[in-house]
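Here chain A shows up in two complexes: once beside chain B, once beside chain C.
Moving on to the complex of A and B:
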C-alpha cells in the first residue's frame, strides 16, 4: 500500500503544511485521557528547551480513542503560551486518528510515513500511557540520533527486579544469542530512529504480512540490527507504570508471537550465525531496584502445574519428549525443588520458536500453550531471587544469555529442518 | 415325447448360448472399462497428489489440527487421504459405468439411485470432515483459554465444545443424505437445549460465586483484584 493511500487526506494536508523538519516527536495514544496531558507538555517542553533552533513537529497519532484523548491533548498543549522557552522556529503540532480497528503496526507506519514525508532527520516515539514522562527522556532518545548519527536508539530503564520478566527472560537473551547485540528493551514503547532507518523500514515488504501486527517495534529494532544500521541504547531512568496494563495472557500472545514472527522475517540474517558484538550504551546500564512487591507465587505455581497437565497433548506436539518429560517432572515436585533451570527454560523457548516456525499447531494456539510454561519460569525466578541483590540477578541473567547462546546451534538446526526430532 | 424333451433341451441350450454370446462381450467390455478406470484413477491419484504437495496442503492441515486428528485415528496423511479419495471416486465411477453395460434392468435402477445419492454422500462427508476439524480447533481453543484463565475444569469445557460441534456436524451430514431428518433435528435441539440449560443452572447455582466474580470483573474493572503486580514487559 502506498503512503498516499493509507494516510488520510486531512493528515497529508497537515503534513504538506508543515513542510520539512529536523526533529519529529510522535505521541501514540489509545484511551489515555488521564495521562496524555503530561506527555504532551513534556514533549513540547523538551523540544522548546533542547531543540529550539531546529525545525520540529509534534505528531499525535491516536488509535480511535473514545474517552476524549485528542481533546485532552489539545487542552494540555502549551504552544502559544509564554513559558520563557519559546523556540526560535515554530513548533508545529499535527494529529491524526488511525481508527480503533487499526493495529499497532498501522500507528507505527503512520509515524514512519510522516517522518519520511517531512524529511525528518531525528524522530522519537513516546507512549501517551506513561503516568509521568520526564522531558529529559525525549532529549536522551533524540540526542544520539541528532548529535551522534545513530539510526536506532533503544531505551534502558531502572526497573523493579521482578518487572519485565518476559523481556529479561526471553526477548533479551534470545535476541542477543541470535543477533549478537545486547539490546535489553526490544519491545520498547519509547525509542528513537533516524530518517534513514524510517525510509528503509517503510520500503520493506513485511508491512503486507499479518505477523507485523504483533511486533512492529521489535521488528524495527531487529531490522536495524540486521541491516547494518548504527544502534545504541540510552538510559532514561525509572520506568513508570503504564496506565492501562493488559493481562499476562494477552501480553504474551502479542509479544511472543510478534517476536517469533520477527525471527522468521529476519532468519536469512541470523541463520548465518552472528558473533557477539558490543552495542553502545549511553549513561548507566540497566538498573534494578529491590523494593518489596506482592506476588502470588502459589497461584503461579498452581497454574503452571495445571497447565502442564491439562495441555500435555499440545505440549507433546511442540516439545521434544525429553523436554516435555522434564517439564512434567518439575510440575509434580513441591515448590522448593520445582525450579526451572536456565538450561531447561532456554531449551523450551527455542523449541517453541522452532515449532512456531514449522507451524506444528495453529500459531495462536501454540503461543497460548507457552503461557503456563512462562508462569512456571516466573515462579522459579521469584523463588530463586526472592532475597537476591541486583548484582546476583544480573549474574544469573548473564548465565541465561550464555545458555541461549550455547543452544543456538541446536536451534538453528531445528529451525532449518522440518519437524521436531528430524535431522 | 422324447423328441419334445430333446427339442426343449436344444431350445434351452440355444437360449443359453445366445444369452452367453450376448452377455460375454458385455462382460468383457465391463472388465475393460473397470481396468481402464483403475489405470485412469491411478494416474489421477498421482497427479492430484503432486498438486496437493505443491499447494502445501499438508502444512495447512497441520496448522488446522487435521493432521493430528488423522494420526490419532490411525489414518494416512491428508495428502494421501485426499488422493486416495480421488482414486476411489474415479474408479467407482468407471465401475458403475462398466456394470451398467451389462444391461441388467433391476441393477441399472439400483445403480442410477446410487449415482443420484453420490453427490449428497460426498457433501455429507465434507460436512462431517469440516465439522470434525472445527470441533477439534474450537475445543483446543477452549482448553487453552480455560487453562490460561485458571478455570477449574478446562477439559470438561473443551470436551463439551467438541461434542456439541461434533454432534452438530453429524446432524448436518445425516440431514444432507436425508436420513431421519426430523429425528436428527429434534434430537439436536433437545441435546443442545439440554446442555445450555444444564450449563446455565450449573453456572447460576453451582458456580454462583464464580458468576458473581465474573460479573464484578466484567462490569466493575476498577474493583478487580490484582493478583500479580508484575508487568511481563
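Moving on to the complex of A and C:
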C-alpha cells in the first residue's frame, strides 16, 4: 500500500512553479490574524533588501486557522506595491494549510520538505505570533547559514527575568550537560537551518514516532548537535512576555515529554559522555529585563504542596527515596524556607528523565506528575530572585548548569540501568 | 530589387550595424573600405538584413574611433572616395538594403576647421560656433560621461586662452546650438548626404545639444526644438527618410524625443538591453517585464530600436546601483572588462559561448517590440579582446574564413587596423563566415532562419505585446498581436528544463503552430496550456484559427 503524501497537490504545484531557491523563509501560523501582518512585511523586507540577489521564496504554513489568518497574510503583503525598493528578482509566496488537527511536527515536516524539493540552501522559520519581529531578526537567523555555512541557528532573546523559566531551569542546563553545548533556546519558534540539515532531518526514521509530536524543533536542534552539524546561536532582540497562564500546563507537559523523548532518540550520542564545547554566539548570549512584576508565589507553593501530597505514590515510583523525602520536607515549610536548591532540582529532573526512559509508569502520568514539582521549583526561583540583578540571576543559572553537569555521570548510569539502583 | 516605399519602412527593418573599417579590406592596406563593403553586400542580403547602419566614416584624427569628425562632407581616405561611397550606396539599394549613416551633432573634432577658426580669435566669425567661457565653473550640474578619462566638462584651450565645453572627450568640443548659424550648417550637412541618397541618420549624443545653467544640460526643451526643426526640413525636402536618436535615457525621457511624431522616427531602448542580460543571468523574467511595462506609449509612426550589443560598452547607465553591481559581478568580474559605466564585451563571450543562450537572446531581440539591430560579427559568435583599450576590443576585423587574416585583408597582419581575434575558442580559424556557411546547423545558418521567420510576419515589427504571467517566473511568455494575427512567444530563461502552464483561455480554439518547423501543437482548450521547454529554449507559435 502506498504511503499517502502529506503534501497537498496544490502545494506541490506551487513548489514546481518556484523551482530551485537559495533562501527560504517559512512563516508558521495558527489563528494569528492580529500579528501576522508585521511578520509578513518584515520577511518580505528582509529578503528584498538583504538577500536581493538570491533566489528566494516565502512559505506560509497555516495550521487550520479559523480567524482569517491566511487572508490577513495576503493583505499584508507588499509585493507588487511600489515601496521605494526595486529588487532584482521575483519574490514568491507559496501557501499551504496543514489543517487544525495536524501537530507542530507536521508543520515542521512540511517546511523541511519544501526546503528539500526547492534545494534551498538557507532556511529560516518564524512564528506569525511574534509581533516584535523585524527584518533584522530574519537576517540574523539566515546570515550565519548563508554567509558562514552553519547548519543550525538558534535564537537568543532579551527576556524578562521571570520568563522562559522552563527553558532556563530545565531544557538549557540539562541539554548543556549532556550535549556539551550551551544552546540557550532549545525550544524556539524562530530558528534557521541549512538545506543539508533539512535533508538529513527529513530522512530520519523518528518521523514515524509519536514522540515527535511534542518535540519537533527541540529534536531538530539536538539532532543537529548530535550528528556533527555546525550550530550557533544569534541574538535577535526582546521577546514579548508570553500571555498568561492559559494552556501553560499543556505547554509544560508537551515541552517536558518532548524533551525526554528527544533524549531517548539521541542517547547513542550523549551516553558516550560529551565534553563541554564552545558554541558560537553572535551578539550578547543573554539579556534579562529585570522590570518588577507581580507574581503569585503563594498559589504556586500551594500547587506544589498539594501535588507532592496527592501524587506521593507516583513520585515514590519515580524518584529515589532521599529525593522524594526532600521534596516532601520542603512542601511542609513556609515560603521563605521552602527553597528548592539547584542541586535538588537537577537531581529531580534527572531522575524524572531516567524514569521516563524506563517507563516506570505510563509516560503521560509521569509527565503530569512533573508539573507540580516544577511549580515548586518556579516558586523557589521567583522567591530567590525577586530583587536580584540580571548578573546575579545569570550567576545562579551558571551554578545550575554546573549542578546538572556534576550529576551527569549519575544520570548516565541511571539511564543505562534497568531501574532505580539496578544494574 | 526595389526598396519598400511605405513611409514607415523602418518598422519592418532588420538593421545591421558595422564600421566600414572592420568589414572587408579591398585595397590590401589593412583597413576595411567601401569597395570591400560593397563586395560583401551579397552576404548581408543572404543574412536577411535590409538596413545597414554605418558608424562614422568621415575624415577624423580617429581619437574616438571616428566620432571626432573633422569634415562632415567627405570620406576618410582610409575607407575610399566619395565615388566609392556612391557606388556602394547604389549597390545596397539595388539589393533592397537601405543605408543609414552616423551623424555626430553634438560635437566635432578639435581638428575640424570650424573649431580651428573658432579658437583662433575671440573675434573670429566662428567664435560663437562653440561654447566658450573664461572660467570652468558654469553648468556645474552636468555630469561627466567618460568618467574613466575626463575630470571635467571644461577644457582649457591655450590658443584661445579660455575654456571650451565638451561633454565627451576633451578633443571633442561641443557645438553651440544656440547659434542659428550652427543649426544651419548642420542642416546643410544633412542635406548633403540626403541628396546623395542615404536613407537616414543615427544622430549621436542628442540629449546634450543645449546647455542651460542650473540644469543637467540634458534633454532640454531647446534641444527638442532643434530636432523638430531638422525633422521638418528633412520631411519637406526628403520625405521617407528616417532619424534615429541615440539618447541613453529612461524610457519616459526618451519618449520625449519622439515628440508628437514630429521629432525622431526611432530611438534606442537603452534600458531594455541590460535587462535582457540580467533576466538570463537571474533566470527571472522580472527585469524585462517591468521595464517594458514602464515604457510609455509612443506615437503610431514611431518605433523603438532594440539591440543586444553595439560598438560601445554594454552600458549600465540606465539601471539601479544594485543592478549595476550585479551585472558587473556576473558579467565582468575581471575589472579590465569594465569601462566607463559598462562592460566592453561582445555577445558570445558574455554568454560564455553558450550557443543556447546566444540563440535565446537573439530570439528575444527578434520577438520583443521594436526594430532589431544586429551588431556585425555577432551573427557568427565573434569574440572580443578587452586588452585593446577603450572599446576597441569589440571592433576587431570581421572573420570571413580561416585563412590569411581571417579573409579580412591581404595585408601583412601587423598592418591591420586592429589585430584579429586569434585564440582557440573565438579566433578566426574557429569562428568565421566560410565555415559556418557550410553547416546548416551553424549559428550563422540559424540566424538566417530566425531572421527569415521574423520577416515572415509583421506581427513582430508592428504588433502589440501582452505579457502572460505564469506562476513559473523562469519563463517569459507574451503574445504579439496585429489585426487578426497572433504570435505566442515562450522563452525559458533558465539553464534547467522547465514546465509552464499558460493561461490561454482567451485564445481557446486556436491551434498553435510552431513557426520554425511548422509543427502543429494541441489546440488550446479550457485548461491551462502546459508546455515543457529545454534549457534556454524558446518557441514562437502562430495562433491560428481554422
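Operating definition for what follows: the second predicted complex is superposed on the first by the 413 of 423 C-alpha atoms of A that agree within 3 Å, B and C clash if a C-alpha of one lies under 4 Å from a C-alpha of the other, contacts with A are read in each partner's own complex, and residues count from 1 in each chain.
Throughout what follows, contacts are C-beta pairs under 8 Å (C-beta built on N, C-alpha and C of every residue); 3 or more make two chains touch, one makes a residue touch a chain.
Since the model is a prediction, treat every value here as computed from it, not as a measurement.
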item: Fit-or-clash call for chain B and chain C when the two complexes are aligned on chain A; value: fit
item: First (chain B), second (chain C), both or neither touched by A:378; value: first
item: Partner chain(s) touched by A:52 [first = chain B, second = chain C, both, neither]; value: second
item: Partner chain(s) touched by A:386 [first = chain B, second = chain C, both, neither]; value: neither
item: More chain A residues in contact [chain B versus chain C]; value: B
item: Partner chain(s) touched by A:280 [first = chain B, second = chain C, both, neither]; value: neither
item: Touched partner set for A:17, first chain B, second chain C, both or neither; value: second
item: Chain B versus chain C as contact partner of A:329, first or second or both or neither; value: neither
item: First (chain B), second (chain C), both or neither touched by A:149; value: neither
item: After fitting on chain A: smallest Cα gap, chain B-chain C, Å; value: 40
item: Contact residues of chain A, present in both the chain B and the chain C interface; value: none
item: Touching residues on chain A, where the partner in the complex is chain C; value: 13-14, 16-17, 19-20, 52-53, 55, 86, 88-90, 92
item: Footprint of chain B on chain A - complex, ascending; value: 162-167, 187, 241-242, 245, 248-249, 251-252, 255, 293-296, 299-300, 303, 306-307, 310-311, 314, 317, 359-363, 365, 368-369, 371-372, 374, 378
item: In the complex, chain C residues that touch chain A; value: 278, 282-287, 320, 322-323, 326, 470-474, 494, 496, 498-499
item: Chain B to chain A touching residues, read off their complex; value: 59, 62-65, 68, 137, 140-141, 143-145, 147-150, 154-155, 227-233
